[in-house]
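Structures incoming, each one as structure tokens.
Common to both upcoming complexes is chain A, partnered first by chain B, then by chain C.
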Partner chain A sequence: MSAKPTSAPSARYLNASSAVARYGMGVLITAIYVFLLAPVVIIVFTSFNPTESNTFPPTGFSLRWYGAFLESSSFIEAFKFSVWLGAIAAVGATTIGFLSSYAIVRFLGRRREAGQSLALLPVMIPHILISISLLLALTIVPFPELGGLIVGHVIICLPFTIAGITASLEGVDEQLELAAMTLGASRLRTLWEVVIPLIAPGLLSALIFAFIVSFGDVYIALFLSGPGRTTLPIEIFSYMQWESTPVVAAITTVQIMLIVTLGLVVERLVGLRKIMRV
Partner chain B sequence: MRAGGGLFAAALFTPITVVYLVFLLAPIGFFLMMSVFRYSPMELWQPAFTADNFVRLLSEEHYRVIIFRTLEIAALTTVFSLMLGFPLAYFLARTGSIWRGVLMFLVIAPLMTGVIVRTYGWIVLLGSEGTVNVVLMWLGVIDEPVKILETQVAVLVALVHILMPYMVFPLFSSLASQDPDVERAAATLGAGRWRIFFEVTLPLSRAGILMGSALVFTLTAGAVVTPALLGGSKVQMLGQTIYDLVLSTLNWPFASAVAFVLVFCQFSIIFLYLKGGRRRVG
Partner chain C sequence: MSQSVLHLSGVVKRFGETLAVGPVGFEVQEGEFLTLLGPSGCGKTTTLHIVAGLLYPDQGEVRLRGREITRLDPQHRDMGLVFQNYALFPHKTVFDNVAFGLRMRKVAAGEIRERVLRMLDVVGLPGVENRQPHQLSGGQRQRVALARALVIEPSLLLLDEPLSNLDAVLRKRMRLELRDIQQRLGIATIFVTHDQDEAFEMSDRVILMNVGHIEQVATPEELYDNPTSRFAAEFIGEVNLIDGTVAGVDGGAAQVQSAIGGRYRARGDLASVRAGDEVLLMVRPERVEIEPDAAAADGLVPATVAKRVFSGDLLIFTLRTADGTELTASKPSTQRYRAIAPDSSVWIDLGECRLLPRGA
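Moving on to the complex of A and B:
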């Protein structure tokens, strides 16, 4: 971007064109951000709309749709179930992710890159394929469908917990673990008393981020949810196929607030970029 | 650390191996194998080899249209994501702004809210009384609301919005790892802004472009919820077709054949990605 012209004759031309380019770039970047954020911002505005239709700009301010959300038992049940499922999937994905990440960082040596790529496999597979295959397997193997849903969520969360935890483990000096073992600690005790305390923020971030992934998922639950185990996104999806009132806006605004707050916590702890691998 | 750790390492890897083999690879393998099985209205599927599913998929006009529409939407989504994602990634990688962390967060934040939230946002924006129509009428571009929902345009716009972050991240990594001095050197040697971009920056970002495109293309091809809500029955794509086949007709073998097309596309893309990456090194 910042071209440093050294040849005098073209300097003035370059400066003028660089001002135009900078201005154009600014407009373009602003437009892209408007595009990225508009659908999310519009939902928040719509949720306070007093009228039935999804009009914008809003014609007034009302908490009517939040009331409708709290009175709808099916949405409340789905919300509770999503929180419950997200918590279980987060604990599962963080535990399995921690064990695998530690093995990847400490034991794979030169094959580490390959191991990490394999661990991140579920990102590269369309989630619809994962869930449809699990559903088919469950029609043959006697395994509870709720178990299938939980495992499906653990699978889609694992790449993110592994990316976050391996990044945290890179900051841990191996000498500390060797010292603990020299002093007679077993490998398990070293993990528990040395490694885990050192990467606690990374583990907490992995937990929260896995919860976020599970909470937002619609594709795994699309095939594996059912009576008594309907997640919030699925409840919204089936509701929207018939009607679309701002009650959905109220629910999704609650969801957005929850997710953004949790995201900010992760950002403070280890940085979202490490988990998203950017 | 590695000495005597073999058993311990194996133990650490056991849970993930079991989860991936038993609950990911085995079910997917079985589901895809289903594509050469025969459909039976009574038992749903019979383990008898047949090519009927693929023959039907390629011979019936209805499915050919869906396949080509899916490929078209996936390709367009990838191109538009790249066109919007590249300037954004470039800006984020090169800016010295103190707001960079915040700006980065604003790209990740919509992604975290989930597919359903963002799809709903587009329903509100693109509806007949939605913001886009209101603004266009206010500007005098149109006299009465135009129908945007239930068109391919609505699906495309929303998919670009939903999947663009997947393009931005690999691009950002690629661009951020480039030494800015390389661009400065090109400028010192007299290359203009465009020439620097096309002959230095763009070729160096190749890995990121391929990675991002592969991700966006595959994720678009597998989309179900966004086309179903924004496109209705008029913009049916492969993902929805699989969904309907499984949930309404329980025709697993044919659904599997449709899914096979999806997987085939993905493998072609990954193959191109690896080939492109290798050429870059060699």
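Moving on to the complex of A and C:
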């Protein structure tokens, strides 16, 4: 009996406080987004500056620094090299990631959780440590430096491809594979005919995601890119030690566009959140 | 004597500590419809997967037409397996699903087309070859799965509870149809089910399984009339089990003094039965005779009608005897039996019973 009268006012009280909470939450979330996106917005605007200085807000509108980027052979070479390296790392990390994920999902049984955690370990290791260990390895095994760079990029991409592909594989009913095998397909043929087509979106997303990770890397390339050939982030890094013009903002804007486009493709394919949950 | 297609002997399979199957041995004859019947978890699927090569046994041997195939890869076994959830390839059309096995066997494209379309006809699904599996009903998917398994003309057709995902009406119709297709093609078949009605309606022989081992191998009639264990008697249909003591054994039957009072003849495995043994008498409900007329009841056991349930064609009586034993009798709902009211006194006769060991 006594519970009835108190419940009505307390409900109103909760409503009032939740309105305040909702309002406060809205402000907080907006602030976080502004904080996250402000640098991006500033860079994009700065890239349209007509003058040599990185002033914000821009003093006018010009595409002069985009022209400068296209005319700079060192930036263009570095850009091409980054794309080439990203493509190789993506294919390597996706192939190895697929095989490891398949083994983890189908053959590890109860030890699967452990296998998955182990495969995702490189995410916890600072990339600079991976880079230095590879550099040390190169002093022991005489391996071309380019090889070291590719291996390094494959390593930093692998956790992302494995996370995404295991998630996709978990959605494939094992009975489909057993059915294919009883119908005369070998394990390899079953992968090709049944498994790969069913997880194609996951594989494509893994490729794109690995490409983005490789493309944005600084630490591996810092130690492992050979003389002459270097990646775009390193080229920007060394340029900025001597000069500072909005050409860097222009290049960065191009990169942002590239990554946002690829991100949208992945989102359409499997949903970005699924892959990011490493 | 027909030739045996498949021969399993001494097959044992463990998953870690648990013994899933074994030891199990049986044969499948040419053209035979053999059913593995048993409760869920008794090892039916495991046995079927050992036959298909999806699992290898820890011990024992599997032979296909005399050739040892115990550890042969599934893709070289030449068996058509239909899964419980059908396992159709969701990214392939019906045609490509059915054609899969033929493509793996490198059959020419023209022949594949002809055989796939013919098989879709056989399973009663002409004209759906361009659809995707998700566009089909459960019953249609089941037929596609069957066509996919049959089109490769396997030595053996393996069916793992193929009807259990269908609704009741469709399930009944598919039983007859499946049996009909099997007989037309004359293909040796192992059918797995936990449903006794399915097993009885479709099978030439039934293998009754219980916790990994075989309880009994028999035709449906034998299994119904002459179960050899209490498990078999209780798993198959309705049954009355009455305690009894053997009074004597003579000429292929035992005389048993029952707990309800009467003395009955009982047949069964009498090899080790001696006078004085404690046994069980088994009698099916339709064999229990009810006599309402005291004048005709000489030598019968008196009982009262504790309950009477009308189910259309049948009347199900629950009869309680003086010692408190309750027996079920199912009788045709004719005037004679409708006249027997609840709570009335009657006399019962069990006729000839089946003798079973008292143990589990």
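As a working rule, the second predicted complex is superposed on the first by the 270 of 278 C-alpha atoms of A that agree within 3 Å, B and C clash if a C-alpha of one lies under 4 Å from a C-alpha of the other, contacts with A are read in each partner's own complex, and residues count from 1 in each chain.
Operating definition for what follows: a residue touches a chain if its C-beta (ideal position, glycine included) is under 8 Å from a C-beta of that chain, and two chains touch if they have at least 3 such contacts.
Not measured: the values here are computed from a predicted model.
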item	value
Clash or fit, chain B versus chain C on superposed chain A	fit
Touching partner for A:183 - first (chain B), second (chain C), both, neither	second
Which superposed partner A:198 touches (first chain B, second chain C, both, neither)	second
Which superposed partner A:151 touches (first chain B, second chain C, both, neither)	first
In the superposition, chain B vs chain C on chain A residues touched	B
Which superposed partner A:173 touches (first chain B, second chain C, both, neither)	second
Lowest C-alpha to C-alpha distance for chain C against chain B (Å)	5
Touching both chain B and chain C, residues of chain A	178
Chain A to chain C touching residues, read off their complex	173, 175-176, 178-186, 189, 193-194, 197-198
Touch list for chain C against partner chain A, complex	52-54, 73-77, 79-81, 83, 85, 87, 89-91, 100-101, 104-105, 148-149, 152
In the complex with chain A, residue positions of chain B that touch it	1-2, 5-6, 8-9, 12-13, 15-16, 19-20, 23-24, 26-28, 30-31, 34, 84, 87-88, 90-91, 94, 101, 103-110, 112-118, 120-125, 127, 129-131, 134, 158, 161, 164, 168-170, 172-173, 183-184, 187-188, 190, 193, 196, 215, 218-219, 221-222, 224-225, 228-229, 239, 242-243, 246-247, 252, 255, 259, 262-263, 266, 270
Chain A to chain B touching residues, read off their complex	1-7, 17-18, 21, 25, 28-29, 32-33, 35-40, 42-43, 46, 53-57, 95-97, 99-100, 102-103, 106-109, 119, 121-130, 132-137, 148, 151-152, 154-155, 158, 174, 177-178, 187, 212, 215-219, 222-223, 233, 236-237, 240-241, 244, 248-249, 252, 255-256, 259-260, 263-264, 267, 272-273, 276-278
